[in-house]
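In this document, chain identifiers A, B and C correspond to the written order of the chains, with residue numbering beginning at 1 in each.
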Amino acid sequence: MGARNSVVLVISFFMLFLALSSAFPRRKNQYKPCKHLVLYFHDIIYNGKNAANATAAIVAAPQGANLTILAPQFHFGNIAVFDDPITLDNNLHSKPVGRAQGLYIYDTKNTFTAWLGFSFSLNSTDYQGSINFIGADPILMKTRDISVVGGTGDFFMHRGVATIMTDAYEGEVYFRLRVDIKFYECW
Amino acid sequence: MGARNSVVLVISFFMLFLALSSAFPRRKNQYKPCKHLVLYFHDIIYNGKNAANATAAIVAAPQGANLTILAPQFHFGNIAVFDDPITLDNNLHSKPVGRAQGLYIYDTKNTFTAWLGFSFSLNSTDYQGSINFIGADPILMKTRDISVVGGTGDFFMHRGVATIMTDAYEGEVYFRLRVDIKFYECW
Amino acid sequence: MGARNSVVLVISFFMLFLALSSAFPRRKNQYKPCKHLVLYFHDIIYNGKNAANATAAIVAAPQGANLTILAPQFHFGNIAVFDDPITLDNNLHSKPVGRAQGLYIYDTKNTFTAWLGFSFSLNSTDYQGSINFIGADPILMKTRDISVVGGTGDFFMHRGVATIMTDAYEGEVYFRLRVDIKFYECW
């Protein structure tokens, strides 16, 4: 088998892997980002006992549910507000480079999906500015794409796509997301 | 009356019709969409008795209101979370091509208006990807325009305008929206 | 000291002022807006007694808080829905040119910050159309930038950056924001 065929085979396996693990894998993106950032953020949900450490709180729930336990039926109807530290690596205790702030909404009755509206406020030596995101988050997929709809400061007028991955999940109290931000409009 | 005058007359009536029935009709849009989709989505609001069929739930309300009846004063302050089937035609029972997921907020005390933040997650043979929307929805206008602020998959980096029309409305339990999505940036 | 040095000195002081008073001042924006609007909007929060005048209501709060008093700990977790009059000057009683509609979320436990998702619906002789905004709002900064992610009507497909300034603040009932909207994509 020639080198060229090997490459085709490897690419085929790679595409198959993508097809199995990504939401909406079909489009082959031929664009190269003009800027690229990988960041992590850490969400600790308030459960009635962890007020000091919690970075997120359930603030809305459907009838019959309460605000310290995620709702039954895949948390459908819960809205959580968050102010999560952003770090450069996957360690919750690393020095934060900014805050992820906004809301997530659990929006499906028969599986885990969320809708996200949030901003990154970055304040480090490398980056100062904000990045604004919205999009659907089918949580159980390995990777999910949401839209980067705008930015300010160092990210003035930027647009792009962010690929989200659940990097860790501990019961219903902690999760960590890896956010791979690819800007395709940079100004 | 010559043919040319007839055309002018017909166009004048058409403009008059638009002026009476659309929100913000003044701008004559000279742009042609690079992609165009018409889809329907169906919203069944949870009322305490329809848990099996409901696709949306009221999860927040102002003081004194509850979560199974839309609030008085034009539902001002209600937030609903939804996960609605998307269909190609106006039949609730057609095979869904995706889900409309997000929230709507009733935001006026003296008439019906809403604010929308939601995504279409499409998963059909024709389209795979997500489309993200936000905008004001003056519900009583025949047509309302909101922004398409981004997309992923087949709608990678797309932007556009979506024209929403209430296609059916049954009391306070069911409504169906027709969404005419015109993309002007397609990548 | 020559004229040139004076200019440098003045500019230096100006940069220092910016550095102290703005969120994310570092980027020197070399772009000129293609359209520019300055508008004010007025928010009167419902406190249980001002139903007739209120333009905003708290509709969600974390466990233990209620809906007529902003939550303790910097209002963390409160979601307010609003329908505020927009005016051309800073007078609440000026004739409105439209409505600011959407939500704000208090999202930090140890200082005042908010997350905004809202639309301007303008309906005046000068402008007819809607403008859609999202972004983080570090309230205590003198100026804060958020993203203009889309528009309709006269603002068809527009994008830009809006600089928000708290123009007045009266206890926990009234605030007025000055919004300096700079469009950089105008179509």
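In this text, a contact is a pair of C-beta atoms (placed from the backbone, for glycine too) under 8 Å apart; a residue touches a chain by one contact, two chains touch by 3 or more.
Just so it is clear, the structure is predicted and the values come from calculations on it, not from any experiment.
> Under the over-half criterion for shared residue numbers, do copies chain A and chain C use the same patch or different patches to meet?
different
> Can you give the rotation angle that fits chain B onto its twin chain C by Cα atoms, in degrees and rounded to the nearest 5?
With C-alpha atoms aligned, the rotation comes to 120 degrees.
> Could you grab the centroid distance between chain A and chain C? Build each centroid from C-alpha atoms only and quote it in angstrom.
Distance between chain centres, rounded to whole Å: 26 Å.
> Hey, what residues on chain B touch two or more of the other chains?
Residue numbers touching two or more other chains: 59-60, 79, 117, 134, 149.
> Under the touch definition given earlier, write down the residues of chain C that touch chain B in their complex.
Answer in residue numbers: 46, 48, 54-55, 57-60, 66-68, 79, 81-83, 99, 101-103, 117-119, 121, 123, 128-130, 132, 134, 149-154, 156-157, 187.
> Given the complex with chain A, which residues does chain C contribute to the contact?
It is residues 23-27, 29, 31, 59-63, 76-79, 105-109, 113, 115, 117, 134-136, 138, 145-149, 159-161, 184-185 of chain C that touch chain A.
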